[in-house]
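Here chain A shows up in two complexes: once beside chain B, once beside chain C.
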Partner chain A sequence: MKPAIEVEEISFSFGGFRVIDGISLSGNDGETLGIIGPNGSGKSTFFDLLSGFRTAESGRIRLNGRDVTRMAPEVRASHGLGRTFQRTAAFYGLTVAEHLRIPRLARRMPASDRVAAAYQIVEELLGRTGIGERQHEPVESLAAGECRILDLARAITQAPCVILLDEPFAGIDGAQEKAVTTCIRQASTMACVILVEHRLEALLSLVGRVLVFHQGRVLATGDPSEVLNRGEVLRAYRGELRESPSS
Partner chain B sequence: MLLGGSTRPWERFGTPAVGGVVALLAVLPLALGDLYFAHLVAQGSLLLLYVLSWDLFCWPTRQVNFGHTFFIAAAAYTSGLLDTRLGLDPWLAMALATVVAAFAAVLLGLMTLRLRGPYFAMVTMAFQLMLFRFLFLFSDLFGGGEGVIGIRPLVGRPLAAATVTSLFCLGGFVLCVLFRCSTPCLLLRASGADDSLARATGVHVWRYRTAAFGLSGALAGLGGALHAHTFRQVTSELGGDWSAALVVLLGVIGAPLGIAGVASITLAYFAVKQLLLPLGGYDAPVLAGLLLGWMIWRTRVRSSRQAGSAMAKGTAL
Partner chain C sequence: MSYALHLLIYLSMYVVLAQSLNLVVGYMGRLNLAHAGFVAVGAYAYALATVVLGWTFLPGLLLAVTLAVALSLLLSLPSWRFRGDFFIMITLVVQALLYGVIHNWTSPGADLGSLANLTNGPFGIAGIPKPAISGIQFDTIGRMAALSVALAGICTALTLRLTSSPWGRLLKCLRDDELALRGLGKDVRRLKVQAFAFCCGLAAVGGVIYASYVSYVDPTTASLDESILLLCMLCVGGMGNFRGPMAGALVLLLLPELLRMTPMPQAVAANVRLMAYGLLLIVIVHFRPQGLAGDYRLE
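Moving on, here comes the complex of A and B:
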């Protein structure tokens, strides 16, 4: 079986400064991967490269075996890539219900078991967080945390095979965190989920594998409990590791 | 839902009400047999079509297009010249002129695909200012400042011709209402709210944007061509700077109240302008005063609503 996502040695620079340096990754359906690293280590840029908002200078990105390296974000979305953003992103001016209709209308998705399963997950998430009762309200009436949950719901309604979640727990309270955790667990049964998150306890409860980014490279990868005890990882987080080990 | 899920009473009931008024105005001159009134209604209806066609692209995408009157003038001149110089049937000339305007709009849409906010506004303004002067004002082909005269009407009787124009404008109004309820409009609204998010969701923003720009240009062009054949002349005034500013002004003021708001504001402006005609040149300060009063009132209503919303969310300081 082909991996849901395959990244081969991708690199990217900002004005000569290499922010992503030969990163490789592979994720299968049903797998949840976590990406951690200090600020500026290239996590969000990596997500931008995967979703097509930036184009890799070298390397390859494949979705279900299809090369999408040069494809635009909307085309990657139609090939099964969903993502959320680090910032609070929402379609302000639309109602909650309209917001959630956009993926289906944009991609003209036919009814399928996969789509039905995605909608079931979203319905449960919205029910648990109380957003479901506010479907006819404009998005701007939601609090920032609720907007993040709505963004997560929007990404799942795309019924993607790969979901990139950029700090899904930022700005949400305890009860909402539980609902989001359950939702991500459910989503990972139908897709490969890749998470960037600073709240380690929330991340560790979800992921089976973690990658630690440092200065645009993968510093360590493997089982979360083992990786987080490595000396170089702790030093990178404390800001004591100035250069990546290979340089 | 008819109005794209709108729950605002003003939009739900205002749109059919305004549509009814426009329809009544279109047929009333024919019933009364008054040519002056018919021309007045046609003039008001055409202004409505210009503003609605501007709103068709600008409202969902949240952009301000200052180049809209170029499409109007381009179609008016094209239709006029095809009729007077080549002797083409007025209906055919009008159809071709509409296509020319749509084509110009698609070109401008492609040129400004990646531009947003003030950059989009500036480029469209430059487009209008530059092409309007080079093509319509300084070129002999377009008759310079005097324009093109002696254009044949669409139908023989002047009263019927004016009514045909008003009915076309009513059709334009219905088209704009239907567009607002459509899926492409919803997807454009999504891209207008957050371009990156829309693209990440799978919305082909450039396709919808270019198509909507083309449709907006075609409707504006239809209005321009109708103007040429109704008033049997085209002058540079039609595509001038004041017309460009007026369309933007009416569109921006009416947009928060939905399509019914845009139509009401435009028709109200036209009616007030006619009432102020006896003041001669002094109508401008009166209109400016009314505009200022409206803006202050809107700002107050808006800030009190925002304060209420913040109190409800518990985020007020």
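Moving on, here comes the complex of A and C:
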């Protein structure tokens, strides 16, 4: 079976400064991967490369075996890639229900078991967080944390095969965190979920494998509890690891 | 009575123009300075169709709209990647280009409508016949007002239908967060091309109302001043909904007329009118940046 996502040695520079340097990764359906690293280590840029908002200078990205390296974000989305952003992406003037219908407006999505399952997950998430009762309210009435949950819900309604979540726990409270954790767990049964998150406790409760980014490279990868105890990872987080790992 | 009907015709025209501009500025969030250029494209296409080719009103209107929609690609294709200042610069270039072509496509001695003299340059095209549809002549100001109001009603209903449809919702999403919309799988380039096509097509209808009423068009129809006036209507009335452009057209059309009634010499009144425009804009931007009846504030 082909991996849901396969990244082969991708690189990217801003001007002359290399921010992603030969990163490879592979994720299967049902797998949840975590990406951590200090600020500026290239996590969000890596997500931009995966979702097509930036184009890799070298390397390959495949979604379910299809090469999408040069494809535009909307085309990648139609091939099954969903993502949320570090900032919340609310469309003002639209209601909560209208937000959840945008993926269907944006592209043709034939009814399928997968789509039905995605909507079931979203319905449960909204029910647990109380947003479900406010379906007809404009999105302006939601708090920042609720907007972030809505972002997550909207990404799942795309029924993607790969979901990229950029800091899904930022700005949400304890009760909401529980609901979001359950939702991500459910979503990972139908897709490969990749998370970037600074709240390590939340991240570690979800992921089976973690990648530590440092200066645009993968510093360490493997089981979360083992990786986080490695000396070079701790040094990178404390800012003591100045040089790139291979140099 | 004639004066009131005259105002009604102008109001109808400006409602069409402000509603069409609202599609791109208010719903799509892109400041467009080329609108008057497309009004002129519609007016000139209609003038040439009726004066040179001898066509009647409806085929002339159809030609005007088709040409404006086709030329909207001039704006939508080069500008789709841009927003903010860069987008405004592109619209300014298109505005200057359209004005330049209309103003200069002339040659002394050549027949009007020929390839050498398509627009008659600064002299414009005179003698545009009054409209006639199925034998009904719109040759009185009352009938002309009825036709203008009917066209404005159709255009307004169309924009209302468009903006309240799923397509209109996507346009608002594009305005608020283009990247997120692309991430959800929407082809935003196609959406922008469609929005510009509707915007320019409706602008051409406004141009046809103008040309058929005044019976004359010249390059000032395509001037930057006209584009700025239309933008002012949106800034004053508001944008991003159906009410704002109506309010803007009404206020900016009636304001000079009210000033006309004040006992001032004509030369002074013209300057006072400009000052009143400026003052009104400053007051609105300061105290009510979303306009009198708007939903959206252009950043």
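One rule holds for everything that comes next: the second predicted complex is superposed on the first by the 247 of 247 C-alpha atoms of A that agree within 3 Å, B and C clash if a C-alpha of one lies under 4 Å from a C-alpha of the other, contacts with A are read in each partner's own complex, and residues count from 1 in each chain.
In the analysis below, a contact is a pair of C-beta atoms (placed from the backbone, for glycine too) under 8 Å apart; a residue touches a chain by one contact, two chains touch by 3 or more.
Computed from a predicted structure; not experimentally measured.
Asks: Following the overlay on chain A, give me a clash-or-fit verdict for chain B and chain C.
Replies: Aligned through their shared chain, the two binders clash on chain A.
Asks: Would you sort A:141 into first (chain B), second (chain C), both or neither based on which partner it touches?
Replies: In the superposition, A:141 contacts chain B only.
Asks: More residues of chain A are touched by which chain, chain B or chain C?
Replies: B
Asks: If you stack the two complexes on chain A, which partner ends up touching A:185: first (chain B), second (chain C), both, or neither?
Replies: A:185: touches no partner chain.
Asks: With both complexes overlaid on chain A, does A:51 touch chain B (first), chain C (second), both or neither?
Replies: In the superposition, A:51 contacts both chain B and chain C.
Asks: Which partner does A:199 reach: the first (chain B), the second (chain C), both, or neither?
Replies: Neither partner.
Asks: In the overlay, answer first, second, both or neither for which of chain B and chain C A:74 touches.
Replies: After superposition on chain A, A:74 lies in contact with both partners, chain B and chain C.
Asks: Just to be sure I read the superposition right, which of the two partners does A:95 touch: chain B = first, chain C = second, or both, or neither?
Replies: The first partner, chain B, only.
Asks: Touching chain B and also chain C: which chain A residues?
Replies: Shared contact residues on chain A: 51, 53, 72-74, 77-78, 82-83, 85, 89-94, 98, 101-103, 105-107, 154, 158.
Asks: List the residues on chain C that touch chain A in their complex, please.
Replies: So the residues of chain C touching chain A come out as 166, 169-170, 172-173, 176-177, 179-188, 240, 295-296.
Asks: Can you list the residues on chain A that touch chain B in the complex?
Replies: Its residues touching chain B are 51, 53, 72-74, 77-78, 82-83, 85, 89-95, 97-99, 101-103, 105-107, 136, 140-141, 143, 151, 154, 158.
Asks: Quick check on the complex: what are the chain A residues that touch chain C?
Replies: 51, 53, 72-74, 77-78, 82-83, 85, 89-94, 98, 101-103, 105-107, 154, 158
Asks: For the complex, give me every residue of chain B touching chain A.
Replies: For this pair, the touching residues of chain B are 4-5, 7, 183, 186-187, 189-190, 192-194, 196-205, 309, 313, 315.
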